[in-house]
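Take a look at the structures listed below.
Next come two complexes, and both contain subunit A; in the first it sits with subunit B, in the second with subunit C.
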Partner chain A sequence: MTDFFGIPLPALLGQLLLGLVNGSFYAMLSLGLAVIFGMLNIINFAHGALYMMGAFLAWIGLETLGLNYWTMLLVAPLVVGVLGILIERLLLQWLYKLDHLYGLLLTFGITLVVEGLFRSFYGVSGQPYPVPDALLGATNLGFMVLPNYRAWVVAASLVVCLAVWALIEKTSLGATLRAGTENPRLVQAFGINVPLMITLTYAGGVALAAFAGVLAAPVLQVSPLMGSNLIIVVFAVVVIGGMGSILGSILTGLGLGVIEGLTKVFYPEASNTVVFAIMAVVLLIRPAGLFGKEK
Partner chain B sequence: MKSHAMKRVALAAVAACGFGGAAHAQVSGDVVKIGIITDLSGLYADIDGTGGVEAVKMAVADMKGQVAGKKIEVIFADHQNKADVAASKAREWFDTQGVDMLLGGTNSATNLAMAKVAAEKKKPFISIGAGTARLTNEDCTPYTIHYAYDTVALANGTGGAVVKAGGKSWFFLTADYAFGQSLQSDTTAVVQKNGGQVLGSVRHPLSASDFSSFLLQAQSSKAQILGLANAGGDTINAIKAANEFGVTKTMKLAGLLMFINDIHSLGLNLTQGMYMTDSWYWNQSPEARAWARRFFEKMKRMPSSLQAADYSAAMHYLKAVEATKSDDADKVMAEMKKAPVNDFYAKGTIRSDGRGVHDMFLLQVKSPKESTEPWDYFKVVAKIPGDEAFTKLADSKCPLVKK
Partner chain C sequence: MTAAVPKAATANAPLAGNAQRSPLLGYVALIAAVALLPAVGAYPIFVMKVMCYALFACAFNLLIGFTGLLSFGHAAFLGMAAYSAGYAMKAWGWPTPLGLAFGTLAAAAVGFVFGWLAIRRSGIYFSMITLALSQMLYFFFLQAPYTGGEDGLQSVPRGSFFGIDLSSDLTLYYVVLAIFTAGFFLIYRTVHSPFGQVLTAIRESEPRAISLGYDVDKFKLLAFVLSAGLAGLAGATKTLVLGFATLTDAVWTTSGAVILMTLVGGMGTMVGPIVGALIIVALENKIGDLGRGLAELTGINWFNSLGESVSLITGLIFILCVLAFRRGVVGEIGHLWHKLRNGSKNHGA
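Right, the complex of A and B next:
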């Protein structure tokens, strides 16, 4: 029989696929964190709150303005991106020369304020967001029935992740960005506006979070607490992958999603902690993370 | 310099003690003070929270702000779901604010902690939102009343009635902590007693972000009923995923601890056909509807069973104060256990172990077509008489019960 440690193979394949779906969210969020850390040296704790905001904007757009899912998939990241510009220009830019801790505290404060505001306006039970009509239904893959929406989540996040990676690693704009983080004064001497570049990087990073939020809205209840539930795991993903490593965070995100999925089958009680156990081991063996470089 | 600072601290401490004592002596005679400690900002804030505080204020308003010729005051605080915060707030209120009766909102751990403080200070404590049956068993005190419901009643309601309605085989999706496990074991016992069987269970971590994997395991069990032994956001996300993966086509869901706010937030499309047990539903009688409308005017949403119980419990206490013309804890407790509860919330009694006994209701969620107005969410499938719903007095583990 095609059994694998007592689990039928089709069931196992199904669980692997589900792990990949969750991994897509980890990948997208940790990618944004990694980009922001790489360019700004800021540990952006507000990432979870901005992800939650993306989901809420999708819901608000649908409920009050009648804007559908596809429109909000573009609009929500733009709105959050603009908010990111404000946060960076008004607050973060004063902290670059200080210890990481200050950036962490500031963004943690932003998280508390944003979550508190949403909680007082919308309560904590959360709001339902329907799956868009075009993606309703499910496809029978033989070994499992996969809801079409989940397939779309994997596809969309992979495309976005790869596009961001290509933009940073393979284009001349990306080369300038990377150079700007290595030696901002030299790059500025070439006539390139480094502060502007940094602002836009932050905006882009948080826009990714909002994009992930809109993707998550039909899967999870849109609730003010949805960001803080996820962000700790995402931080662990970034630490495992290596702070600032783009490709590292994408691969680690997907990989950990799959490992978590397997844990849910073999020992469900540990599925929330397995990521942190891996983090501890990785930190012992490779303190800079799997894909990180020692500085 | 240092000793100077220390002197100042000592002086301040002495002054604080003096004021505290003075306030206590001044307040206790002229005012009947009700304190409410509940979750005002976290995951249970919608089912009790500010709505619960408002319900108590409605009771005070209905008494015209006076009882036994004295003014009634209401104060409230957020316990943030932390037992230590709840206990220290309760202690502070009893010691310095002259609180005469404490209402405990949601969260079992905070209520167990508050019950201990209230017993030590010999003040009445009425628990509304806690699920744990320990409050009237191992941890019962002469000053604790458990007013609305407990996990035993929920298990008897949902477990018993669903099996009788034909849901013979069960699979549990259980939150992996004390509350989830006791909910599962209580319900399992009831299901088996009624001739049903439990095919399996899966334990998920608290606040799991994704339930799809657990649901696939549930689906492959081929059970008829999926019992959700979890609460709040976990229940909501599990129901969402169950719909998405088509689990609801082959299994009926039974929420073991759900409130109308959960249904409201998910919508009828996702929840139709689900079973749950509750102590009260706003549309169950004309009196209930009349009160619910008043609540809706203030809060812009329909009351949950807990918010109705907040009103009812505050009223029951105030009537006892009125009857005894006293806020003495022992006299009022005796009166509350003697006088029947008879209002729009419930018709019942308070037993010697502190258990409030009244009918419970097995509810089934309507389909969107059956629902004729906003918040019209449930059909009352069965009424479970109080004696059958709650632990029998003879079986109570409370040492106060004379056997």
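Right, the complex of A and C next:
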């Protein structure tokens, strides 16, 4: 068996893959945060709670309605997207003229409410969610055994992230969106319905979080606390990457996931904190973030 | 987006000036009233807990209300001091005043490092950085061998305070009141000093403060360290009162709670955070009873579990405050008072 610094290669590759899986979640969530921040000027603290809700909807769908994984992969983001529309129309839209920090505080409140609701109904213990039949088992690649589901998570999130990137950077809809980020009043003057665009941006961003949540359900335990633990790491990812570039967000997310996975192999005690430590170093060297520009 | 100017705080600025008329007398009366509370049957431990959180919120308010910086990681300082003071008094057997000082200094030192990193970014990034750094410290507390992990640091001895035996709750009460008063007046002095005026200038317009020649980063860092140290004093005192330090002190929801206390009471007012701390601590203590009462009244069983989902209620208060009540209780009263007086003045003229 090949060793790598005293670590058997399959174990190393296994952790690397798990790191990529976590990195996919970081990428999808930081991508959504960046797009929402661009349009709404709000850092959506509720992103983690809505990701948790996506995972929980998948679990509820299976347990009580008998809806399978693939159905919920579509339904959960839709439900959360509709909830996003409600949140934006009923709550967030009153804050656009105020300082950014009120948006953070309001979405923090939403996080507490969503988490509190799920806690009061389902408790804090994690619920297991089975891997869908089609993705059970593992493929032997010769040098490692690749669990099918994890490979699917990485592939699916990459495709979705790149699709979002293409949508924003390569289509006329995306061009309007980018223009709206730069100067909403001018875009409105061209006859484009900016408030609608803002609402849909928020809905799309949180639907992406819910999609990540459904993907996460079979890998992690479904619990009301899974979102808030993740969102704080994603904040650090956003600080490291900067919110200026979409590809930057995706790369930073994946890269940090891999680094975290490697830390688990070589120095497990630091695996929880390594992303924060990297953030501190980046702040010292490049305060604006790796892909960011200081506004 | 360089200048993070909380609009509600800006709206309060003329009120803060207005309250300068004879505020000290009012504060002395307030503290005298608190000193008399045990005599009228208030539960000393509860009031001491409120005082600790009130000092914590006042320290936090020094940043958000008077400097315009939203720290989302203040639990780190409360927790750092709670653990440090507890460990010094329990494991090393340090005398109580030394333990409290050690906790305060440890929190200020952590505040220096966090502040030094976080002031490199402004606005919303500042908040995210402080939150991330405090989470890092939380994981350290979770894993470190001397914090007792999930159980926390238990049965910290009270000892004696400069020869005064602290085993009686009532004696401890007056020591805690003295600590709170000292902390509060330090904040009062800071806010009303030339240094505090510069902080306000930074809150109102950071670019203008820079153009006037102020080294804004140095002022921000000093305010951050001061706020962290005072939050630490609150945390160390809390360990002394309750006899334990746990992970709850350092978790991110506690950072959220101190924001809520300040917001409910009134950002940028002197007394607001105290009122806010009283409301939130009382709510957390009484919410279980409230839920059971509601369950009896309505027959809906779900209310019985209200005690376990405090976050649901605090979240709703958060949303309500941000949307409709940004001045907070004290700010709102001040605003009303201001409007009434101006109104009558106009009538007279």
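To be clear about the criterion, the second predicted complex is superposed on the first by the 283 of 295 C-alpha atoms of A that agree within 3 Å, B and C clash if a C-alpha of one lies under 4 Å from a C-alpha of the other, contacts with A are read in each partner's own complex, and residues count from 1 in each chain.
Just so it is clear, a residue touches a chain if its C-beta (ideal position, glycine included) is under 8 Å from a C-beta of that chain, and two chains touch if they have at least 3 such contacts.
All figures in this text were calculated on a predicted structure; none of them were measured in a lab.
**Q** Please work out whether A:223 is in contact with subunit B alone, subunit C alone, both, or neither, and reply first, second, both or neither.
**A** The answer is first: A:223 touches subunit B but not subunit C.
**Q** Look at A:127 in the shared chain and tell me whether it touches subunit B only, subunit C only, both, or neither; answer first, second, both or neither.
**A** After superposing on A, A:127 lies in contact with subunit B but is clear of subunit C.
**Q** Is A:212 in contact with subunit B, with subunit C, with both, or with neither (first, second, both, neither)?
**A** Touch partners of A:212: none, neither subunit B nor subunit C.
**Q** By the touch definition at the top of the document, which applies to A:256: first (subunit B), second (subunit C), both, or neither?
**A** neither
**Q** Mind working out whether A:39 is in touch with subunit B, subunit C, both or neither, as first, second, both or neither?
**A** In the superposition, A:39 touches no partner, neither subunit B nor subunit C.
**Q** First (subunit B), second (subunit C), both or neither: which does A:113 touch?
**A** In the superposition, A:113 contacts subunit C only.
**Q** Quick one: classify A:91 as touching subunit B (first), subunit C (second), both or neither.
**A** Touch partner of A:91: subunit C, not subunit B.
**Q** For A:272, select first, second, both or neither according to whether it touches subunit B, subunit C, the two together, or no partner.
**A** In the superposed model, A:272 contacts both subunit B and subunit C.
**Q** Taking the stated contact definition, name every residue in subunit A that is touched by subunit B in one complex and by subunit C in the other, in rising order.
**A** 116, 119, 233, 269, 272-273
**Q** Which residues, counting only subunit A, touch subunit C once they are in their complex?
**A** Answer in residue numbers: 37, 43, 91, 94-95, 98-102, 104-106, 108-117, 119-120, 228, 232-233, 235-236, 238-239, 269, 272-273, 275-277, 279-280, 283-284, 287-288, 295.
**Q** Which part of subunit B faces subunit A closely enough to touch in the complex?
**A** Touching subunit A from subunit B are residues 41-46, 176, 202-210, 212-214, 216-217, 220, 232-233, 236-237, 240-241, 244-246, 261-262, 264-267, 269-270.
**Q** Quick check on the complex: what are the subunit C residues that touch subunit A?
**A** 1-2, 4-7, 70, 72, 117-118, 120-121, 123-125, 127-129, 131-133, 135-136, 139-140, 142-143, 252-253, 256, 259, 263, 302, 305-306, 308-319, 322-323, 326
**Q** Quick check on the complex: what are the subunit A residues that touch subunit B?
**A** Its residues touching subunit B are 11, 14-15, 18-19, 21-22, 116, 119, 123-128, 130-131, 138, 144-145, 147, 149-150, 219-221, 223, 225, 229-230, 233, 261, 264-265, 268-269, 271-273.
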